[in-house]
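Here it is, the structure, as structure tokens.
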Amino acid sequence: MNREELKSYLESNFSNCQVSETFDFPLLIVPKEELLSVAGKLKNSSETLFDFLFCETAVDRNPNLEVVYHLTSTTFRHDMEMKVILEDRENPEVESVYSLWQAADLFEDEIYDMFGIRFANHPNLRRIMLGDEWQGFPLRKDYKDDVNIVTL
Amino acid sequence: MIQFSDITSWIHETLSGLLSPGLTFLAELVLAGVAVLAMVLVFVVIFVYMERKVAGFMQLRYGPNRVGIWGSLQVIADVFKLLLKESFAPDSVDKLLFNLAPYLVLAVSFMALAPISWAPGLQMWDTNIGVLFISAVSSIGVIGILMAGWSSNNKYSLIGAMRSGAQIVSYELSAGLSILAVVAMCGSLSVHDIIQSQADGWWIFKGHLPIIFSFVVYVIASTAECNRAPFDLAEAESELTAGYHTEYSGMGFGIFYLTEYINMLVVAMVASTVFLGGWLPFHIYGFEAFNHVMNFIPSWIWFFGKIFFIIFLIMWFRWTFPRLRIDQLLKLEWKYLLPLSIVNLVIVAFITIMGWHF
Amino acid sequence: MENQDISLPLEEQTEEFVVNIGPQHPSTHGVLRLEATLDGETIKDILPHLGYIHRGIEKMTESLGYKQSIYLTSRMDYLSAHINNQACSLAVEKALQVEVPERAKAIRIIMAELQRLTSHELWWGSCAMDIGAVTPFFLGFRDRERILEIFEANTGNRLTMNYITPGGVMQDVLPSFVSDLKTLLVKVKGYLAEYDTLITGNIIFQRRLQGVGVLPKEMAISLGCTGPTARASGVSCDVRKYHPYDGYEKLEFKEILNDGCDSWARYLVRMEEMRESIYIIEQLLDNLPEGEYRAKMKGVIKLPAGEYYQRVETARGELGVYIVSDGTNKPYRMKFRTPCYSNLAAVKPINVGAKIGDLMASMATIDLVIPDIDR
Amino acid sequence: MKTVLRYLQEVALAFRSLWSGLRLTLYFFTHPRKEIITEQYPENRTTSINIPERFAGEVVLTHDENNEHKCTACTLCEMACPNGTIKIISAQVETEDGKKKKVLDKWVYNLGMCTFCAQCIDACPQNAITMKNSFELSVYNRSDLIKTLNKPGSKLKEKS
């Protein structure tokens, strides 16, 4: 499917999700509760077959947190972007997609480490880069460095 | 030309004239020990230098070239550095075994030098079981390595020591069997007799294909016994950092390093004695003029030349081949070398009985 | 003690043996720590611990401008510095819709393919060293040096060049560039033949890699592996083919695929990629376009608000640059989807049940660069 | 019989593959003059060493024969530098016709911080600074790394 077809496919099949587009990809904004079912449909539906999670990251749109999934299909070679918006800044939690794409294991570890977003049912959620004793989540916009090495 | 036997008998007579028989014996023991020690240390220094140069040239670089002419004093400088460094033992090691292990390994490799015949008449101990003694003694060294690995209380050391144990115990067999092939042909275990039996041609030439095969097996097995690449699993720097001597520093490490080269020396000496005629010159039957020229070259040059040839072979292997895996290593021994060696030995025995060798 | 097999008699029960491979270890090529659980020589479990060289590049970009962030990317995968710079430059150009001159595009591709060659040559040397042969390491470095000399003469630096910049390249190549490259490529072909004699044909080396570290196709897709690692499992994922950039669409080249799935397949894919890179460069050398080497751009770059994603094929796999811009001169968020971070995930599943020596072999053929993992 | 033959063939192939590797290293060993690539650095620093013209060694502020430079103290290079290597200290002077003008007082360059990315050179609108291909930059004292690039008494080159 090309980009336009994919966009209309998403619009017609995921009625309770918001469909828009970014510069490069069609974008599907998924409600937090339906993440796993929507992702599972995208992965397993014979029309889309998004079997390759090539990037998963988060963006801190103060005050909301967004988890961004970039998906591609090794069969059809179409790409899309999927987003989950988390409004709870104190205790953000979302379902892990590890059961669908194993690549999420390390990606989600890093997101937890940098943004403090917890992933439910993740096999081994840990602070992979910074270590357990680190205070705060550095990539959040409200994180305060003692010393900012760049503007020093 | 001065023969070494003249020198030794002259020393013996002078000492007997001065001292009582018991003291003479003691004095000779000390003299022989010191002489061998000095000789071996000189050899090791040359080997280390040679290894570095061979490695350097094979790897498109010069090797040491700053200390002395062509870096010839580099090894001496390194020995001094090792001597000056603190021999440091970590807190959690078993102190007694940790400190004992290098000396045990060193002592064992020196013991293996006892029956070697260096030149005509220059032999410390002409026992009738010489070759057997060497192969028996050289396998004790593994105890020292296991001690070092176990007492270091380090996981890498332990894995290295275990690998080394498995490896030396296995390769001991085919090394022994390949020597046995020559022993079967010449009918004696004495080092002196084996050399004398090659006066009319080295065993590798007059022993047909089986002895050549034995020689190849012996070189492979002895490379493994020395823990040299491609069989350096006990050290395996890309897997176990430094294997059984990870925790050693200063002269403790220095002794392990020294031992590696002494072991190579022993292996090269045995190989040249058993297969390449020891200190005997190269003769071609029927070419008297050629043989006369060969005779003119002193025996020690022949012996050392053969040693350096074998050592170069071992170094050449080390700087060319990748390392085997532990199961491949054991498979090579138990599935290929050992059965083939046994078959080979049977063939050799058959040839000997029929008297088909020259 | 909890993993003991209770059915065995007491003297046959064994404890598991936890060994930390790294952070300082000769064959992790950097500060990666693998916590390996061993049973004798057999690996039971592997847990990677990262962050020993985490510099927070993503955080730093939020305080720096775009141009200054691009220079940081050469510090991620330092063996693909050109390609990393190219990825960021492409993202910025895409957002600003800048047309890059043809000459600049050609120079970029030549540089990127040379970079891939240097990277694979270094990988070849260190891979052989992990298997235990030391001499190839020096050969690899010798050959890489020849290419680095070209980089040094044309860009001024050897490792972190900062040569590819938004709009084109920093400075034009030397007049002798084409002739230099032609002599170089002849040499490199000779070197590749030497590699095959010394290591590829070697029976010990083949036996060390064949059947080791098997990564099935489904697993490679699920784990998000890219680059030669995935292509050796039969996953077609070459970004140069599927999302061509900088004029790759005009060039003729093969995507190297292998269905072997093991370390040996990964080795062969990389060896073949080197030949393919030479082929790509040769196509461009004969008709290097004349003209400008750089499009005019403003001193301070401001991207229009929005999200941009650009991917390129580095020597190790797919590098993605995800830029969220809020319209100011600094990126709101910049995420680098680095190939090694995803390929690292393959280390555990392919090594459970293997020997320690196999771990080194399969790690070497996955070709991890640790700063690329940690960023 | 066939399996034995194939087995022997395999062994022969194995030995041949090992021998081809050995032959290559033997070739390297016996042709040191041709193959060795080590640079004998301190000895060849005046003879065979090759430092390309473009090699980014350090930033210099070019002065012409009249001890004049082109820097207008606009601080674009300072802003372009990603890691605060450059510090431009400017002074206000009064020109003959009574106008106040900003001129360069000190062009401070911290070599210890520099990553040789050449962004300052790229940013400079006057082409006042360039990269020099010097490479022996080590000093005994860290404070020696902080250099003032404008020569004493130098002044801005007048536009002709």
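By letter and in written order, the chains are A, B, C and D; residue numbering begins at 1 in each of them.
Everything below uses one rule, namely that a residue touches a chain if its C-beta (ideal position, glycine included) is under 8 Å from a C-beta of that chain, and two chains touch if they have at least 3 such contacts.
Quantities reported herein were computed from a predicted structural model and do not represent experimental measurements.
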Selected interface, C-D versus A-C, where C-beta contact pairs are more numerous: A-C
Maximum centroid distance from chain D, chain identifier (CA atoms): B
Gap in Å, rounded to a whole number, between the CA centres of chain D and chain A: 42
Where chain C and chain D are represented by their mean Cα positions, the distance between them in whole Å: 25
Distance between chain centroids, defined by C-alpha means - chain A, chain B (Å): 63
In chain B, residues with contacts to at least two other chains: 58-61, 319-321
For chain C, residues contacting two or more additional chains: 64, 135, 142, 198-199, 202, 204
In chain A, residues with contacts to at least two other chains: 150
Chain B-touching residues of chain D, taken from the complex the two chains share: 18, 21-22, 24-26, 28-29, 32, 35-38
Chain A-touching residues of chain C, taken from the complex the two chains share: 47, 49-51, 54, 56, 58-60, 63-64, 94-95, 219, 221-224, 226, 235-237, 242, 306-311, 318, 320, 322, 324, 332-333, 335, 337, 341-342, 344-345, 374
Touch list for chain B against partner chain D, complex: 54, 57-62, 316-317, 319-321
In the complex with chain B, residue positions of chain C that touch it: 17, 19, 25-27, 41, 128-135, 137-139, 142, 198-199, 202, 204-205, 207-208, 355-360
Contacting residues of chain A [partner chain C, same complex]: 22-25, 51-55, 57, 59-60, 68, 70, 74, 77, 81, 101-103, 105-107, 110, 114, 124, 128-131, 138-139, 148-151
